[in-house]
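In the part that follows, the structures are each spelled out as structure tokens.
What follows is a pair of complexes built around subunit A, which joins subunit B in one and subunit C in the other.
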Partner chain A sequence: MSKKEWPLWEIFIRGQHGLNHRHVGSLHAPDAEMAINHARDVYTRRKEGVSIWVVPSSEITASSPSDKGPLFDPAESKVYRHPTFFDIPDEVGHM
Partner chain B sequence: MALDATQVDQKALFDWLCRMGDNALILGHRTSEWCGHGPVLEEDIALANTALDLIGHTQMWLGLAGEVEGAGRTADNLAYLRDAMQFRNVKLVELPNGDIGQTIMREFLFDAFHFEMLTALVASADARVAEIAAKALKEVAYQFDRSSDLVVRLGDGTAESHDRMQAALEHFWPYTGEMFVADAVDEAMAQAGIAPALSEIESRWDTLVSETLAEATLVCPERRADVHTGGKQGRHTEHLGYILAEMQFLQRAYPGAEW
Partner chain C sequence: MYAQMIKSEKSNETPEELAAFQARIDRGERIEPKEWMPEGYRKTLIRQIGQHAHSEIVGQLPEGNWVTRAPTLERKAILLAKVQDEAGHGLYLYSACETLGVSRDELFEKLHSGAMKYSSIFNYPTLTWADMGAVGWLVDGAAIMNQVPLQRTSYGPYARAMIRICKEESFHQRQGYSVMMKMAQGTEAQKAMAQDALNRFWYPALMMFGPSDAESVHSEQNMAWKIKINSNDELRQRFVNETVPQAHYLGLTVPDENLKFNEETGNWDFSQPDWTEFFEVLKGNGPCNEERLGARRKAWDDGEWFRDGLSAYAEKSAARRAAVAAE
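After this line comes the complex of A and B, so read on.
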């Protein structure tokens, strides 16, 4: 019998309503429905989630590590791009 | 006319609670045997989760059994210090796991019963029973989804997986009837409104199981009268003794050991 590997899926879980789905890891499954079941079993035993997304890993396009310089270096020493120079009134609370 | 649930024979109630608890304990133990041996990591974890869920149910059922008995025995005492003849599980759950197909098939056949039973028990006249059933049902509903999905995938899979699932079905089939053979204990529970009549559960089980098997392209064997019975009364296959030897060894060798 030929040994076929199941494809890899990237798993995203939303911890609470109102938050974003976050990448939590990856796992193998023959299709999307089983990937969701597996994600439920592997990543949400402790009530970590209210929603699961599964994405075939092969569908993800990643930036190349060798492009790191051209992609990210131009943002260096530009502190003014951070909105840290505003005084936030106390009444606004946490932002 | 239903009797008051508090009037029911406490010994019969104890026995019935042991049946619920022992089914979960023995199937939970069998399922836990896959831990570290699953065919793929994801299935290994799913099976270990199922085992833990079942052992959690055991704690609740046997805890209540000890309370009803009133002799000071805890769930642990009942699980670790009874001998095979005092176990009340159906024979179906004590049979060896076999391959993963057999394991999934047995789980599916039991899950369908477990799901219908717990669904009915949520309306039990005994509030303690209803509460345990409501908690366990959430987990068993998922277990049933999972095992029926896998039965369909493997049954309607390759020629090899189909043949193995058909063989697994025929292997376990003669043991399924015991779940529905009512004795005096089951009748007392049904009369008191604590548990449903097993004939009701049987017809719902039939529908649930035959729908899934048809989707899985598996042929449902004929229901026969000469089913393997006796487990619920404490007459077990030889396999139970081996399970208990492994499960109870530590408490027997080092009584009261804790860690």
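After this line comes the complex of A and C, so read on.
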């Protein structure tokens, strides 16, 4: 067995319709170029994308699950950030 | 199934911790990689997802056997695409498994040493072209039965892998059934080949769901954790109900004298497969166990110089880039 394991890469694909690159999964590859080749085979066999980004998994910094509260709870009380918070009379028309 | 007879592992956590974890699952929350989970949950998932991944990879072999002998160029291209999808399924699942703290190479090592299993179904030979029809139709069909509910499994990366896989499986089953249709509508000899393929794959396909687990403590725990969604008997019955009319449409006979529609239950009553045979195959005594594992080991060993070569190239070019940057 080969002692050296290929590093892990996170794969992001941009679909046909101009949306953002989206994380689709991860894979092993010896370098960035091979990671793109593999990503082509693993994640775009049915024309799922027009552009691929690959990032070494070790370079991703993630928020910690225990920070969920402090990070995301503050938005909970700010419902006025949504347009539906405001009642606009029908007479005004579409807004 | 692709993962058969998964024993659930014991956990050493406090009852409070376990209860809080169970409550999250009961609320329908997804468990994500970095979150707290009982050791038993983690280990059971490694076994289940790993076995599932191995099945996808080993499952390429019986079909790969016919790629060079497909009857037309189109059938060859389709079969190749199907087999390539299975490689993809294996990779999605190994990635999901790696989030639990085991590396893919470690998993390979365990497959090759026999420490981890793959589905019993892939230890049967594919003797004629009609077997490509029977495998797609029955084997992928049985896999779909199990994989569709697993899209709702509690472990996030596993559920997401299942969603990707399910999107692709329907092509697999339909291409298989289309091979069967062609054979069943062909000459007498071709029809006989189709019947023979069904005869050989029917019971091994039923075995894929595993023996009845109605009273198994493991499956009770795994169901509570939502890493198993339905009982084996339930899925097997569903599979039979769906498959029998499809066989009738082909004009083929399901090889079971006891097969009978039960007006009362609305189910097809059927005979159980030979479970002694199933356990023998699991133990390594099936018709193709040695050949399959041998092919896997050989592919891994023969590819070592190539993997190492790519690693060496990657290291060299990284060093070159670093040197240029330092200038």
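Here is the rule we go by: the second predicted complex is superposed on the first by the 79 of 95 C-alpha atoms of A that agree within 3 Å, B and C clash if a C-alpha of one lies under 4 Å from a C-alpha of the other, contacts with A are read in each partner's own complex, and residues count from 1 in each chain.
Convention: contacts are C-beta pairs under 8 Å (C-beta built on N, C-alpha and C of every residue); 3 or more make two chains touch, one makes a residue touch a chain.
Computed from a prediction, not measured in an experiment: that's the story for all the values here.
Student: Putting subunit B and subunit C on the same copy of subunit A, do they fit or clash?
Tutor: clash
Student: Decide which partner touches more residues of subunit A, taking subunit B and subunit C as the two options.
Tutor: The partner that reaches more residues of subunit A in the superposed model: C.
Student: Does subunit B (first) or subunit C (second) touch A:His28, or do both, or does neither?
Tutor: The answer is both, since A:His28 touches subunit B and subunit C.
Student: A:Arg45 in the overlay: touching subunit B, subunit C, both, or neither? Say first, second, both or neither.
Tutor: Both: A:Arg45 reaches subunit B and subunit C.
Student: Considering only touches as defined above, state whether A:Asn37 meets subunit B (first), subunit C (second), both or neither.
Tutor: first
Student: Once the structures are superposed on A, label A:Ser64 by its partner contacts, choosing first (subunit B), second (subunit C), both or neither.
Tutor: second
Student: Applying the document's definition of touch, where does A:Trp6 land relative to subunit B and subunit C: first, second, both, or neither?
Tutor: In the superposition, A:Trp6 contacts both subunit B and subunit C.
Student: Which residues of subunit A are in contact with subunit B in one complex and with subunit C in the other?
Tutor: Residues common to the subunit A contacts of subunit C and of subunit B are 1, 6, 27-28, 30, 34, 41-42, 45, listed in rising order.
Student: So in the complex, which bits of subunit C are touching subunit A?
Tutor: 32, 34-36, 81, 84-85, 88, 91-92, 95, 98, 103-105, 108-109, 160-161, 164, 168, 300, 304, 307-308, 310-311, 313-314, 317-318
Student: Within the complex, which stretch of subunit B touches subunit A?
Tutor: By the definition above, subunit B touches subunit A via 40-42, 45-46, 49, 142, 146, 149, 153, 160.
Student: Which positions of subunit A touch subunit B when the two form their complex?
Tutor: Answer in residue numbers: 1, 6, 27-30, 33-34, 37-38, 40-42, 45.
Student: Could you list, by residue number, the parts of subunit A that touch subunit C in their complex?
Tutor: 1-2, 4-6, 8, 25-28, 30-31, 34, 41-42, 45-46, 62, 64-65
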